[in-house]
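Dumping the structure here so I can ask a few things about it.
In this document, chain identifiers A, B and C correspond to the written order of the chains, with residue numbering beginning at 1 in each.
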Amino acid sequence: MIKSTLLIAVARMLRGLGARMIDRIWRLGAGARLFFLTIFYSGESFRRFHLILREIYFTGVMSLLIIIVSAFFVGMVLALQGYNTLQKYGSSEAIGVLVALSLVRELGPVVTALLFAGRAGTAITAEIGLMKTTEQLSAMEMMAVSPIARVVAPRFWAGVISMPILATLFSMVGILGGYLVAVPLIGVDDGAFWSQMQANVDFRVDIVDGLIKSLVFGVACTMIALFEGFDAPPTAEGVSRATTRTVVISSLTVLGLDFILTSFMLVV
Amino acid sequence: MNLNIVEIDNLSFGYKGRLLHKGINMMFPRGKVVAIMGGSGSGKTTLLRLIGGQIKPSHGEVRVDGDVVHKQDRDGIFKLRRKMGMLFQHGALFTDLSVFDNVAFPMRELTDLPESMIRDLVLMKLNAVGLRGASGYMPVELSGGMARRVALARAVALDPNIIMYDEPFAGLDPISMGVICDLIRSLNDALGATSIIVSHDVKETFLIADYVYFVANGEVAAEGTPHDLMHSTLPFVHQFVHGEKDGPVPFHCPAANYQSELMNSKTND
Amino acid sequence: MDRTTIDLWVGVFVALGMAALLGLAMKVGNLTSANIGPTYSVSAAFENVGSLKPHAPVKSAGVVVGRVDSINFDGSKFEAVVKINIDQRYAFPKDTFANIYTAGLLGEQYIGLEAGGDEANLKNGDKITQTQDAIVLEKMISQFLFSKASETKSDSKEPDVKPLASAKASGSKAATKAVELGDPGF
């Protein structure tokens, strides 16, 4: 008797695990399918570029404030913390290098992507989820207009274009924040701050690598947000869950991708 | 030229073995207003989606203008859909576009008309539904009835041959209901189109429909002109038309014996 | 939202992004110094380049005059061949001396050029013959410790190992310093 109930419990657990696994793989496949369809229908949205411009306004321009403010504080904190450690080794002039390299290579792309997922990604998911709930996507389809070409593709390209711009701004504003703390506040030499930075930050290696990272994050974050919105069950609860999932999955994906990209960039 | 613009032939549709429709046959003659009626959950809206080619039937076929819908490729379905206009249950207006842009949407997406001509056409359509003055509003600023009328203007923007209405009367006040009722009939006659109305509002539907199909349990339970159905002796139709509480459609969801269930609940745990 | 307003804002957005990229390239990165106009290329062979990397600066009198282009290993002579690009505005004599230096104690390595006195100048494709290898810190430390070890032994009256003459000359002072530093192993 006990044996059989145990067996049933184990079987149920395994079934749950299997179902979840199948669901994950199905979602991955569906996401990939949406991605390829988006690329396939992109020609149409590029021909009417004002659609993309409109979405750049909503994803990029609207994220400017949070990006700039966060970057400023991240830069200032980096300078404070960096100075605290560096001055123990008597090399506080290297603070510029520390701030610049951490921002350009890592924090710029990664923190921008995380903020983007929270600010623009959730907005995209909620908007598309609600369009689905209120049958707007269905209506579009019935008008012989593909929602992927009209709704998904412009948002995708807007995200892909906005992300590197936001990441570059993040790095630059962060460095300015670091400068403000290091030079006027702490009193590091102005010339040493910039010259050390210039001697050690390479445009082709560090800055371009950072840009490539943010481009990849842009594709990932936007695609996840779009897929979650497109896939959301057409109920209030479904949309709210999808929005949460956008943030969680985007953040994890960005961090995982960052590790993979960094290891590739350091090896090659 | 075929007399019927839409024909549904021995159509079955279902999810995972549970059939929603079991061998439905319907004809929609040109120029007529035909209504599909039935209780909630009887698959009326699904029929519209089958006609529009958004889902594929399990058996049988839907023919629009002689073309089998589910055998078309993507371009073919899009070509068929250009002959159709559809009014969704809650209007489904694009919330990020103004009233004007909503009506202009199908023209801008599907035609190469110059912007000046689109402007004139949009104002004409809006005038037909009496909302030319609201062209600058956003959909959230409209009442339910106005939104439905804008959606109607959008559905007929490209002068379709077939106009489908999904619950056009649901959730409207009596005045708006009368307005929509009137518009459906007058637009149908003015455009020379065929209208397919899915509804469960007997009074309004019978007022404007030329022919009515009753759907129940996945089959066509009754059909005929509103006048015939009003006086039908079929128990289901009688219950539906007169809105009686109990009849062939039971008040209770099928369940085990009430008394035995109550008794059992004590001993169950 | 009006379309012209959107256009304006997106324009501002993109311009800001461009400005930031330009700032990164010019003020933060070394794009300005990496683009040193037309260059000519010379090579130099080193027995050990330490951790010198491509793109490392080439300096003369502390001023950047070029960049390391590539570092390859010559399998026949077992030495490293470093190609460097020098700004065409600067001509160096044929007997210029190339050293590998380290910026600070832990900084990056760079090549320092010290001009010689030859009449003829280096041309594209020439080879710098006089070079000095990178100082490898581990090697230096082990040499230093080794000489110290032999000294301490001589100080502790075990004269079977003869200290080197040079080490003896400056020996005692350095030895006491090593003791002060608390180097218990030796």
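Keep in mind that, in the parts below, a residue touches a chain if its C-beta (ideal position, glycine included) is under 8 Å from a C-beta of that chain, and two chains touch if they have at least 3 such contacts.
The shown structure was predicted, so the numbers you read here are calculated from the model rather than taken from an experiment.
Setting chain A aside and leaving every other chain in place, the chains that still touch form these groups: B | C. Greatest Cα centroid separation from chain B: this falls to C.
The most centrally placed chain, judged by C-alpha centroids, is A.
In this assembly, the C-alpha centroid of chain A lies 42 Å from the C-alpha centroid of chain B.
If each chain is reduced to the centroid of its CA atoms, chain B and chain C end up 79 Å from each other.
Against chain A, the residues of chain C that register as touching in their complex are 1, 3, 6-7, 9-10, 12-14, 16-17, 19-21, 23-25, 27-34, 55, 57, 103-104, 106, 108. Residues 127, 130-131, 134-136, 138-145, 150 of chain A are the ones touching chain B in the complex.
Residue ranges of chain B in contact with chain A, taken from their complex: 52, 54, 77-79, 81-82, 84, 86, 88-90, 92-96, 105-106, 109-110.
Per the touch definition, chain A reaches chain C in the complex via residues 50, 53-54, 56-57, 60-61, 64, 91, 100, 104, 162, 164-166, 168-169, 171-173, 175, 194, 197-207.
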